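By written order: A, B, C and D. Residues from 1 in each chain.
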């Protein structure tokens, strides 16, 4: 077999990197590698190839790039687009040139929009023929979505949106319907507004299915694009800076130590305690002051937004394996100071007779029953766009990402019942309220989804 | 390398099986295999050996034997002790004879006590010399404990206890201090009173460390042995019968289907719903009628005791992987009718707006504060032996395994706060009470362990 | 994530099966499963889905289908096209109907040509929209190739070729360039003349790159298709019959036993000895009478052609793992009677002082030097089509698959130097000649490839 | 479960390291770690423990220690014996003190002999009781053997042998028969004369089975010990120096690049080409100048002896995976400059029409037939001790490790037939002879083992 084409999907950041090369020639490159790179080394070993290049399509904002790890560990040469925002040496990939990997080659297209320097890479293989058959689109074109242009600050957003229009409609779409699309992200990534759940597509399929590729003029496109755009996650600026400078070597997946209850308690005084258990488990009992960000798919996203990368993190998880997994997610977004995790889940804590906090978990029926009581404040922590589509009658709205800044506006005397789309973000918010001393807080599992399913009044 | 010696530890049943053989000769046997046998096939492949024999040291009561699976799948010949309780053909292993496995051999010792037919197997290897150097003791001798003689019914208990004395002091101990001991169980198994946490030992180390091998006369030994003996798990009789007849082929680890909330609800009408999440998660919110047996080490033991093997089981777990793991544990103890698990943990359920039950999780400090209130009944569900060593003042005692038979004695008007050693069994009990319509039930995480750690009054 | 799309590539048969479904709904199907199905069970477990259907696009000729295994092991329902050649119950998949798998669905297209009953399956996902975006083409359309129509016998070949024309140009191509193509085979499979090395493509890419989709009228297509068509592998008829009847349950990957040299020798009297080591290792020393089919990619193909499925097979390999791998390849093509493998590679054999045969390995330079000597017969064992493009001057041509039938035409007095494309098939032929008593046989590693690389006279 | 006891066996160096600790307390240490440490990190993760210490029992001579890797990667503190030969900071382990790991502890015994600083570690666990139950003996006591005292040079040998006597008979044996023995090496290691194939034993079993522990006085023991002691492998001095200074960080298992035939040929001019295929494969055809050290168990040992650690190494293997495995073995013994491996085994080389060398592989019967011919020189390359027990009549003896120094004594006009114990070392020798221009060389697979099995004249 000659063509090597191995997509590597990374959950949490919903990211797709690619090992691409020629097994006959024994050479390959990795496109947009993540930080924990053993998966690429394993792929190289399984296929008997040298990892000649570690390629970036652009300076990533949502995860720490693994190109430096690959350079260090596998001798790969870093390659990437032309940009002054890069602070390290690399093989420049200029529009029009080709990188040969045996019988396979990558041709560089400049496709600015998500970022100014962004490139896409056309894939050819000699066995197929002269023409390309696929394109690595990075964060330019996703399934059912396109890369957002607003991550570099408001002043650049509209200019980038216009560049994106050109990249999409003048560079990518003209490649033809038949061309396969290999994007850098799948559903769940905040690099698009609402990315689809396919990890691969074709230009033609995107033309048919994607709202973003509806025929519009440039102004219409820009308007469509920026409308309902959620605010950028707070941590993206930090990560982009890190990647521009050249991310520090991490040396592999972290292995934070287990801490006995007493040691954990001591360490917690100067740390952020993150409880990654499910919302019901957190509700049933947790360590005082802990914030609940459950270890499910959006974990990395919300951990990135809610945590301070400069302060140590302590983890509470159902089991050690979950703690390591959470630490790995944090590592991938550049939060490396995980000082430890609570030994043996909550069991050692419980057995030591230490205090447990609870947060009541109300069904939507309970919420509906109690929302008219005088001392209940219903708090909707969804984004503006979600709230615009409907809410629980009488609910107050504060987006979870702004909650800590707006605490003073909430009445501490009342019971606050928090809801979001499903209860996930509401549990983050509820735990924050408790940490800030709000005494009576309830979470609503199912939240807006359940409210609608139950046919309750909107 | 010639000698093949691979212990296989199986958690849940805290069981140790062994692949033993000669890699030069390409032959091996499995001693006391579990029911899901891929692990032995993998070991055979890794070492290039034929699995010639599937050996039982005795008719097991605590897990379904895998000898028939090995016969079917790998062509192994079943071998085991002489006993009329066996209902299938096998190569008989009579006291004194040797089974040759290349340069390795197993010599049969009759060591009755745990059961009448029980054998142990002396291990030799030609490279070492003429003498044996280790012994597979099955359920006769464990680390810090010996096999219990009371599983075949009261009428046989004392006679078996006397046989055990002889097996230990006249057969095994005389082998000499140097002889290595390879038992069938480790800590957590109910085949002994209180097995130690080493999975291997020596005759001499057991002589030094084990209470069971203290010098005593036969009467003294029998008395010591039967004192504080916990009652046999209810399911052992069923499994022993199954193994005696020849366990049905299971065909590998089960893969129960995920069920949507509605389908789950329908199926639950005729099934036992088992929630395997942690006690705090269960407390935070669960499906009505579910019993909580958390997927930790004693899961198989308590599932065996509390569930009806003839009724379908439905599972609730944090994630699909946990449900499969729980189903595997059940499979190993012969509970095969797992009709499905709740799709997507509790999330789909919550999002559908379906009802959630809660059980409050009290710390021991809360328990202590509230136990004097008139409407609180403190219920201790530990075993008699545990209770004998101390309890919460005023606590009523009903062993969890008897709870369903004694419900009528409890006052349904009161809040019942249940505790056990750590909260695990108390959560089983609390969920049972709720299922039987007790309206006000609390569990106490940490339970007696926390009570003592907190220095509360006894 | 909702859409589940997992291609499973199986080397040896260069086959691609697919697990396709909806993880949110917890349901999936397997399309064209292989016989050893653990990989699908693992995929189901990893994604928390029920395997509801085991689907065949057609009656396979090149590998034993795993649909019955999936029915038995996972409770999947078998589904497949309408055909009288099927001898078992299944859910019929009729042209035009849709199989729903949660939000994902498969629409049946009748695409005869490779076989009369062949169906393709259009893939839709609600998240994308109304239209399909991909098609499972089975053996109708591959990368750079199409399914061969000549496997059911000469009398049907041309009719099937015409149906294929219609399936391709009237059913598949009109789906549009954008449609993704998921075929059942990759490079190396004999289900096409010369399949490309991509395992996925698009209708448009195939239109651009594939010779088969060049615009032609029906007659022109049929002529192009049948020209240079290699003869069907001998074992395909046997496997097709097996699959039509319903393949017998295999119960998982085989684990043949290691045999000591003496036992191997005894067993060899009634068995086919297959040496799966490399051609150089075989040349260096081998067991008398062994046929050399090296364990590289075409192994399954040549083992299928050269071996008798009704006689026991004995294996010689560098190590046990290779023997198991070879046995698995044979299992996948329905050769189940692997009686064992030579223990410890050739080492035990060598150490026992047993006879070694050698076959000299000539470079092309040696071949060139010696081909003019009177007693050297140069034998080209490639296919007719390959020979037509050039050969070593003076070489005699007998296709390796016909060699055993044409032995009488070869001069036993001469040294026979055998070559093929690279030496692989030549080593099969050379070993056959030795088995039939030809005393002086040499193999030519590199063969025609090396001859050309060395610029020797053609 | 509390006690964590995980032996890690590393083939090639036949080494056993141990992860030992307390899972309840979440703490563990690694004793005598190898250089590629992922296995310990995986163990730590699986058990939820912190790797607090990386312990050496002595300065190893046969493999590069992984203590520095563990310090760097896992934050483990290095601990080891008192010795001026160490050039780096560490927690000193002085005789008599205890290292606590939760409820588990290690007590230091000074057991000089193999080296002056050597310590053993007594293992206790609170659950068992006060007394120790096992001892990590490092290279002091093995199964059926003891550590050799001659690796630090002749002048120290006898003094160390006397210290060993004391360590064995005054320190270890008095611990009592019951004490379990956990050694640092198994069969195949050159750290003993002839280590047994058990990886664990007891003091009592060694007393019964081991020649080394036969009752002798000190002089008798020293005489017994030094008699028949094979010469120390050449590379041990280099590795001991490296470990004393502190081995350089390796960063994980190496991934040498595949090289195309031309690039390989160029690189070979300044490198040592090592062909790790089996002796028969090497005999069948190989690259000119290659030395054959087959990738079987003694590979690391012979690679260490025969290769120059300061010159680049190029590998030839059946497949890439074997090349990586060989590179890992070399990495473990501090040979890090592996410049690449021949792409695609010998296939690309063959297909390029490049020259192949052959070495005829004679059976012992051929050897016997031809040894009386005038032009055949029979060369025995076994060690002195082996030769002393018998040889092929008329054979000349040169130990393979000395062969390159004694080439001038061999007659280049003759056919040289080389044999050893099984053909493995003879193939090393035969390939060396060919590299040095000897034109007519044959190897004898099976060699002395086959000669005896065939009953040929001695």
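Definition applied: a residue touches a chain if its C-beta (ideal position, glycine included) is under 8 Å from a C-beta of that chain, and two chains touch if they have at least 3 such contacts.
From a predicted model like this one, the values you see are computed outputs, not experimental measurements.
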Report task. Could you work out which pair in B-C, A-C or A-B copies the interface of A-D, where over half of the contact pairs coincide by residue number? Result -> B-C
Query raised in the report: If you take the mean of the Cα atoms for each chain, which one ends up farthest from subunit A?
Result: D
Query - Gap in Å, rounded to a whole number, between the CA centres of subunit C and subunit B - result: 47
Requested in this report: Indicate the whole-number Å distance between the mean C-alpha point of subunit C and the mean C-alpha point of subunit D.
Outcome: 42
Report task. Report, in whole Å, the distance between the mean C-alpha point of subunit B and the mean C-alpha point of subunit D. Result -> 42
**Report entry** Interfacial residue positions of subunit D with respect to subunit A in the complex
**Finding:** 24-26, 41, 44-45, 47-51, 72-75, 251-252, 255, 257-260, 319-321, 323-324, 343-344
Query raised in the report: Residues of subunit A touching subunit B in their complex?
Result: 277-286, 318, 345-347, 350-356, 358, 360-361, 363-365, 422-423, 445-446, 449-451, 453-454, 456
Query raised in the report: Of all residues in subunit B, which touch subunit D in the complex?
Result: 1-3, 5, 125, 127-129, 131, 133, 143-144, 176-180, 186-188, 196-198, 200-205, 207-209, 297
